[in-house]
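Same chain, two partners: chain A is paired with chain B first, then with chain C.
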Partner chain A sequence: MRIDLSLLVPYLPFMLEGALLTAQVCVLALLGSLIVGALMAVARTSANSLLRRAASIYADLFRNVPFIVQLFFFYYGLPEIGIYIDAFTTGVVALSIAGGAFTSDVIRSGILAIEPGIIEAAQVSGLSKRKTFTKIVLPVALRTSVRPMGSVFINLILTSSILSTITLNELTGTAKIVASDTFKPFEVYVVLLIAYATLTYLVSLLIAALHRRLNRDLGEAVR
Partner chain B sequence: MIKAQSVRKVFGSVTVLDGVDLTVAPGEVVSILGSSGSGKSTLIRCINGLERLDGGSITVDDFDVSKPRELAEARKRSGTVFQMFNLYPHMTALQNVTLAPVEVLKRPKAEAEAEGRALLASVGLADRADAFPSQLSGGQRQRVGICRALAMKPRYLLLDEVTSALDPEMTADVLDILAKLAKEGTTMVFVTHEIEFARTISSRVVFLEKGRLVVDLPTEQFFAADGGLANPRIAQFLSKMRKD
Partner chain C sequence: MRYTEFTPFDIVLLAQGLGVSVGLFLATTVIGLLIGTLWAVVRFYRVPVLAQVITFVAELLKNSPVLVQLFLVFFGFPAFFHINLGPVEAAVITLSGNTAAFVYVIAVSAIESIGRDQIEAARAFGLTKWQVLRHIIAPQAMAFAIGPLTGLLVNQLQVTSLISVIGVMDLTKIGNILNLRTLKPFIVWAVVGVLYYLAAKLIAFAGATLERRLRAHTAWKGL
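Moving on, here comes the complex of A and B:
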């Protein structure tokens, strides 16, 4: 068998467009799941039992249902009751909600790991609840949770390939089209493998840098 | 003035504070002694609002700590130094000291930093201002902890066994600073096991036993044979502490 990557050259702009769409979806979904995850983590560690319960139900629900089922429900299920959302928005929202469930878990364990005395010190110094959270709780929790959060984020990028099933021509979607156009699935999917590996590798580099930055006081120990 | 009246605190089935009365006037240094479990730390934690009272009342300059709105005012007037330092691990020594002045008192950052550096210099940490807590020794961390409390210019300093986690040499460093503060007229409520030190800096000594305030005497009288020492429990406690 002859492997010839050059026959993919005419399709590169098309695949690049797909890659760009993947990048857009992922950046928005990462931000979305970080925000949703942080809010849900707050709710799950809150003193209000109703809030705690609601947030736990959310996390359990979205962690325990296959992503493709959630996605189909949003994209094909909701229109039946009159809710129409375009594929791009559906993709970003679904990824943010699903990713948020996992992210909330990671941030929550980071919050629970904080020495209670540190929070008490902030309280007695007169810091408001909100300031205590933004200045102390969240940054200290992120010190320990940024690495596991990286795994969640990488998983999110990989999961974004499923969005091709709701007509969104992101990286995987374009690759499928090119593969059936050229009858060269081997070459196409080799490129796809490399593209995803590069994307996730970049994210893991970023996470490692962030982890070092947040734990810069610990020096070599965290490298 | 800190005023605690008939303070009760219950944890589950254990009564930790059982009707404690204590008054601390500006300029006083009051040491709280007592064996572990006697309620000393809990009393401090009730004064700064970390524990909710199950009975009685505490006011700091007439601000009631059990009312959320007044607690904020009360907390501005008192500073707490903790046994385990409780520094913010992600902030430098200087940032630990300036956080509350900037965020709570809304002081300009540059001003707060200049004062913070001066405070750190006054405890011998001028060159460690930009170090993180994990890069400091225990004694240095506690000195930062003291600066953090002082940066808020509190009228009352609450010290909760601040040398218990330190070795003797570091303890001496921290006690020197407290002695200096006492000499400058800082009002302090001082929970401690350092009996001899309490004797030298306190104006009054109170003794807690099983959640009750058993004795409240001027320091001289507390350590006099016909004063506090006449109480067999106190005599026993003091001789045990001195042996250790």
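Moving on, here comes the complex of A and C:
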């Protein structure tokens, strides 16, 4: 019962490749879920009740169904209707859609938190509806929702480990291979656990710094 | 002979899978609540060393993917500690630990939500630390924690879907089996998704009802 980590050293480059793939997936999925989430947040705060209802059904559905079920739905289902995409693309798409549901919540509350006075001031100044939204509402909403968005992003990183179940060899997938190669599953997964925890900790530090920087002119209220 | 069509027996199969998922969810929720609360009490009493160890373990469990924790327990523990561990035991250990870590955080913030003046007043009346915890803090903390707990449990139900990866016959695994047999991914995963969705809604409803009960004493009763 002794932990000997030197055994894993030759496998480090291989696992780094997996980590790189995880990073790629996460960054792409972050962008995807930002776009999906922003669009859905706009729909959920729009004046059109049909649009509002459709968007909240989307968010409700994708937050209450396990990610692995959504993933299998896309991975096994899409070829059925003639769409052949690889595991990487499927993973990014599924993560973006699931992440978008959570992101839309965050941005929506960011939009709703804007004081009506600001919007009225913009209208009085003669800005069109569209200009008010893109120049006033969205920048403020995005800026104040950096921190909650950060926890969504960290969740995204943790969720990306599930992509190993659809044959995508990201960090968890490569660790699985190393574990069965070396017959040292305990050591491999302990290292992996600590690696993920360190990674998400660093990301959370980064987000806190970004949040402080973007909101530096808002005073103490948001710190 | 191949049964590629759906048969009435598939409904029984799905019900069995749902039963396993819900059963494991309930069992791990109870264990997780007990352990998490115990950890919070240890922190409340400021037990040296133990309190720091618990905080560290909880952070590690919160910030790493459940899938990796599952692999560590299922593949790592038997290899390292030379014990026999079935998939169900591994699933119970992992999910209980994961739930406990999140419950711990909620319980700590619930305890801290109660004003110092109340505790000081109770101590001045001669109540022991345990009596303060039992009669002053616990009832109020419970009402405070029930909201976040409901959110957590809805999430933990979805996390149970991951145990299908290590071979527990839960709802997701049954979905996998049906998918491989009938090759109708859209129908199978949609049905599985709907079942999870309904279960999640049931938990949310139960949580909201309980919260209303616990908060009844603060509700406006009229003059």
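Here, the second predicted complex is superposed on the first by the 215 of 223 C-alpha atoms of A that agree within 3 Å, B and C clash if a C-alpha of one lies under 4 Å from a C-alpha of the other, contacts with A are read in each partner's own complex, and residues count from 1 in each chain.
The rule is short, and it goes like this: a residue touches a chain if its C-beta (ideal position, glycine included) is under 8 Å from a C-beta of that chain, and two chains touch if they have at least 3 such contacts.
The shown structure was predicted, so the numbers you read here are calculated from the model rather than taken from an experiment.
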item	value
Dominant toucher of chain A (residue count), chain B or chain C	C
Partner chain in contact with A:115 - chain B first, chain C second, else both or neither	first
A:4 touches, of chain B and chain C: first, second, both or neither?	neither
Partner chain in contact with A:201 - chain B first, chain C second, else both or neither	second
Partner chain(s) touched by A:135 [first = chain B, second = chain C, both, neither]	first
Which superposed partner A:66 touches (first chain B, second chain C, both, neither)	second
Chain B and chain C footprints on chain A, overlapping residues	none
Chain B to chain A touching residues, read off their complex	48-50, 72, 75-76, 78-80, 82, 84, 86-90, 99-100, 103-104, 132-135, 148-149, 152
Parts of chain A lying in touch with chain C, wherever the complex brings them together	1, 61, 64-70, 72-73, 76-77, 80-81, 154, 158-159, 161-162, 164-165, 172, 175-176, 179, 183-190, 192-194, 196-197, 200-201
Chain A - residues contacting chain B, complex	115, 117-118, 120-127, 131, 135-136, 139-140, 143, 214, 216-218
Sites on chain C touched by chain A in the complex	59-60, 63-69, 71-72, 75-77, 79-81, 154, 157-162, 164-165, 172, 175-176, 179, 184-186, 189-190, 192-193, 196-197, 200-201
